[in-house]
Amino acid sequence: MTSSMTFEPVLKRIAREVEQLPGRGRPADYIPVLAARDPRRFGMAVAELDGTVYGVGDWREPFSAQSITKVFTLALDLAREGDALWEHVGREPSGNPFNSLVQLEYENGIPRNPFINAGALVVTDRLHTRTGDAAGELLAFLRAESGNPGLGFDTQVAASENAHGDRNAALAHFMAAYGNIGNPVPELLDQYFRQCSISASCADLALATGFLARHGIRADGGRLLTRSQAKQVNAVMLTCGTYDAAGEFAYRVGLPGKSGVGGGIIAVVPGRCTLCVWSPGLDERGNSVAGVAALDRFTTLTGLSVF
Amino acid sequence: MTSSMTFEPVLKRIAREVEQLPGRGRPADYIPVLAARDPRRFGMAVAELDGTVYGVGDWREPFSAQSITKVFTLALDLAREGDALWEHVGREPSGNPFNSLVQLEYENGIPRNPFINAGALVVTDRLHTRTGDAAGELLAFLRAESGNPGLGFDTQVAASENAHGDRNAALAHFMAAYGNIGNPVPELLDQYFRQCSISASCADLALATGFLARHGIRADGGRLLTRSQAKQVNAVMLTCGTYDAAGEFAYRVGLPGKSGVGGGIIAVVPGRCTLCVWSPGLDERGNSVAGVAALDRFTTLTGLSVF
Amino acid sequence: MTSSMTFEPVLKRIAREVEQLPGRGRPADYIPVLAARDPRRFGMAVAELDGTVYGVGDWREPFSAQSITKVFTLALDLAREGDALWEHVGREPSGNPFNSLVQLEYENGIPRNPFINAGALVVTDRLHTRTGDAAGELLAFLRAESGNPGLGFDTQVAASENAHGDRNAALAHFMAAYGNIGNPVPELLDQYFRQCSISASCADLALATGFLARHGIRADGGRLLTRSQAKQVNAVMLTCGTYDAAGEFAYRVGLPGKSGVGGGIIAVVPGRCTLCVWSPGLDERGNSVAGVAALDRFTTLTGLSVF
Amino acid sequence: MTSSMTFEPVLKRIAREVEQLPGRGRPADYIPVLAARDPRRFGMAVAELDGTVYGVGDWREPFSAQSITKVFTLALDLAREGDALWEHVGREPSGNPFNSLVQLEYENGIPRNPFINAGALVVTDRLHTRTGDAAGELLAFLRAESGNPGLGFDTQVAASENAHGDRNAALAHFMAAYGNIGNPVPELLDQYFRQCSISASCADLALATGFLARHGIRADGGRLLTRSQAKQVNAVMLTCGTYDAAGEFAYRVGLPGKSGVGGGIIAVVPGRCTLCVWSPGLDERGNSVAGVAALDRFTTLTGLSVF
């Protein structure tokens, strides 16, 4: 595949193939607003390094970004704090369902990585301490990178998450008992759930992920991360980005990626492009069924896998 | 870096830099024959797709391959058995020290991946059932790919491993209780320890790994694995190949790799070349200190990381 | 030992022997008010079935009852709810440090027994739902049984516990996520910490425990528990009453007992008498060093062990 | 109940009541010879301190003693080794299914108590080191105490256990890796399974347990255990004797007891008498359904509970 090619034919072909997929999984059902999405919706976008975007299907339809935002929060905190962050959260796969408390207890309140919920709470807590408004910082970044000033929080989703937030509250209090949380837990949870609630489209998120394909450079040419830090984030995405299916995602897709229970997945082809796919039906490990299939087809058809 | 370049200057520079490394870790000490190696020994080899090999330092000195052999056993069984193997061993990172029994119990005797000891025992067991001589099969493969008919088992190492083999015996019996082991445990352990005992040099192992950079094609042009299977093995190496340091290895080195307690590490640049580095001093997670540093420098200097 | 004997000589002998104990452990130090107690304080009381009390040392000095109150909360809820309680909390030893979250996750939010913190939170939650004021209910009961209307909450202790209450908050939210907590977590924690904060003396607590030696009959002759329920509570005390030292307590003391981190321990000789001993120095498992030694001597000297 | 009473009317009444029990559980099915027993068989015996025995039903029918023998092996080793034994095996309830490896790993190869399989293997290993023939020592003891020279091993059961012994082999090798096993694992397993295979009747086992009711004194008047050691064994039976149902057994029956998967249960009324009941149908935790019910009735009817 040469760099002069357009991604449109590939995206159209993938959309047709995905349409034939027999089952599509089920939308997340722990909060009503997510459960209501139609599992057959599907959109996909590819953004080139220069900001050119190609899309297919519902690629301009906003959906709940959820855990995808963890990538951006990580990058924002890493940019400010540097390697000191890694004393408070690890970089190793968790090998357990994403909410497990066992490993957290075994490792004295230091979460395995920034993409399990415990780790994401630590990252948000640290960013919040530094900025006074972690969620606002994140939203401003996403607006700037996507070029979409209309991005915002979905307060209904945030409220609903908070009302079903006992597991995250348990995680936060548990780490606080080990001294690994600096803000009051209710304030931290409010920040955390607002971040997860951000609504954005495939186009928005593919563009916002661009700095990871540009080795740390933002859309406006400024540097967010060092080259080495961008590599770190990509590596953590590949090894930890899809809950307890990181191994399977690695060998099927072969790209750094991060999924969310809203049905979205972002992925990075370092030095080449970024992707975002969305379809609300999830498999039993919390990843979009059609989304993983579409990315699998993408790397197979284009050869753009890291392996 | 163009494909016509030679790797010699890079290797020489890395060797000089590694020489300055202050600490070198400690050799594995659970069996005397490994503990006796000098932690300051260092060798490194790069093999091109066509079998051209470049080396530096002790790159022709044989050392104990140990867990590096798990990659070849996996490939040999996968070639015969195909995807059915994955019903008996997973492909997800373990998130635990490499000998842990906890997760094995939690998951009913199915090991998380083929590179933790439990998973490697399952793969050897299955290959042994199919061939009647798993260790012999492995040795023949390594001789053919490396072009070195002098490769052989180190019976002293194998006997010593067996004498200290209670943890592996426990793992094998435990999985047998779940019906996931087909051969008698003592016979399986004999096979397993003989495989681990194989002595080979950086040159031998870099060449033997070539099929993973050639998308499944052996040195003689025949196909061992499908392109998809080769991608699977590379993905499992990246996410699970370095014990509980896979995440760190991924972001420092950014290549599929597999380490052994003998101090060796193999790595793959898909479509480009393979590497093997050796230095007996290990960090606390069982990976060669100088080996990881050398691979880190290699990807930094050449840009040949997957991220 | 005949029933007409007085316990005074035995108590005096025990006090003298305990005075010679070389080390006394350390007071609980997680909140300042407990850490300030002198580990060499010692008091012990025995209450006969008819309410006659014998004592030695600081037996009339109030101390922080802490986890000892879990026995009374259990009895009060069992009296109202009956066997239905056991669907929400188990009756088996935990085999783990008393705050562990692991087993709770493994068993879907049902704590192993009513004396680990998680189990006590469930019992308080249920009693609170039934009464609207669990802590008030408990205090009224203790006042009535001890005949001491001066008993009260120590608001300084309660506030201090709440300020260090992240582990208990984590436990409560975690069980709430499984649907096993009915009240808002902050309200539950307020109730729980107030209960733990009750100050009472050895005399007070020995008397208040009397219903367990009288097979369920309160001090005023009314029935709190059925004979079978009283046996249940005694059995749970023997198998689970002293954190992770229940086995050792059983064979050294051989009586149903319950300890608290304030340094108190209550014990029951069914059909004969009740005891309370207090000394603030704790061993590494959270039980009073001098307290266990004194009870050990008591059963040895009187033969009043259940074994 | 006075000491001059005979136990016959009580036993007859219990047998009648147990006959009406609707379900009876299922015999152990992991080896064929146990699975073949009729779950409706029932026998019960009570032995007075002087060796007088009362019985009902199939009380003279031999059955497979299985884990009941762990009590005698513990006593025999404790008699020789004293408190040093407790450095190699704990005395705390396990709080986990009886074969769990998790806790063993967490506690570095020291089993929680002598009645889980891991702990029993350690005790047998130590007795075997001291005597050169642990199984022979046990058999001689049981013959002497029961007065039945016809007691013997069931070689068919022992062979069958060995053929299905992978879990126990895993436990033994695992502890050997921690240095807590002294004999070769196959030799230890042979000893262990022979002990478990001993066939004896309710009468035999009630008599053989007598030393625990006589505070350590054997049938011939000689002392096996000190008074304190006999108390220790009783306490461990009460807190750990019935797998993961020790808490429930304590509050339903309220006596030190030990069950086996052959359907037998022994129990001790210290200073008064010993019991053995047998019925092959087990509940899901491995205890005889009719056996527990019969002991429950016994303590209710006679008042001979420790609580």
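Quick notes on this structure:
The first chain written gets the first letter, and so on, giving A, B, C and D; residue counts start at 1 in each chain.
Simple rule for what comes next: a contact is a pair of C-beta atoms (placed from the backbone, for glycine too) under 8 Å apart; a residue touches a chain by one contact, two chains touch by 3 or more.
According to UniProt, the chain labels map to these proteins: A, B, C, D = Glutaminase.
Because the structure is a prediction, the values reported are computed rather than measured.
Chains touching both chain A (Glutaminase) and chain C (Glutaminase): none.
Note on connectivity: the fewest chain-to-chain touch steps from chain B (Glutaminase) to chain C (Glutaminase) number 2.
Rounded to a whole number, the gap between the C-alpha centres of chain B (Glutaminase) and chain D (Glutaminase) is 48 angstrom.
We define each chain's centre as the mean of its Cα atoms; on that basis chain A (Glutaminase) and chain B (Glutaminase) are separated by 32 Å. Inter-chain centre distance (chain A (Glutaminase) to chain D (Glutaminase), centres taken as mean C-alpha positions): 56 Å. In chain C (Glutaminase), no residue reaches two or more other chains under the touch definition. Under the contact rule stated at the top, the pairs of chains that touch are A-B, A-C, B-D, C-D. Every residue of chain D (Glutaminase) that touches chain C (Glutaminase) in the complex is listed here, in rising order: 90-96, 103, 112-113, 231-232, 234-236, 238-240, 244-248, 250-251, 254, 256, 270, 305-307. Residue ranges on chain D (Glutaminase) touching chain B (Glutaminase), taken from their complex, read 100-102, 105, 166-167, 169-174, 176-177, 185.
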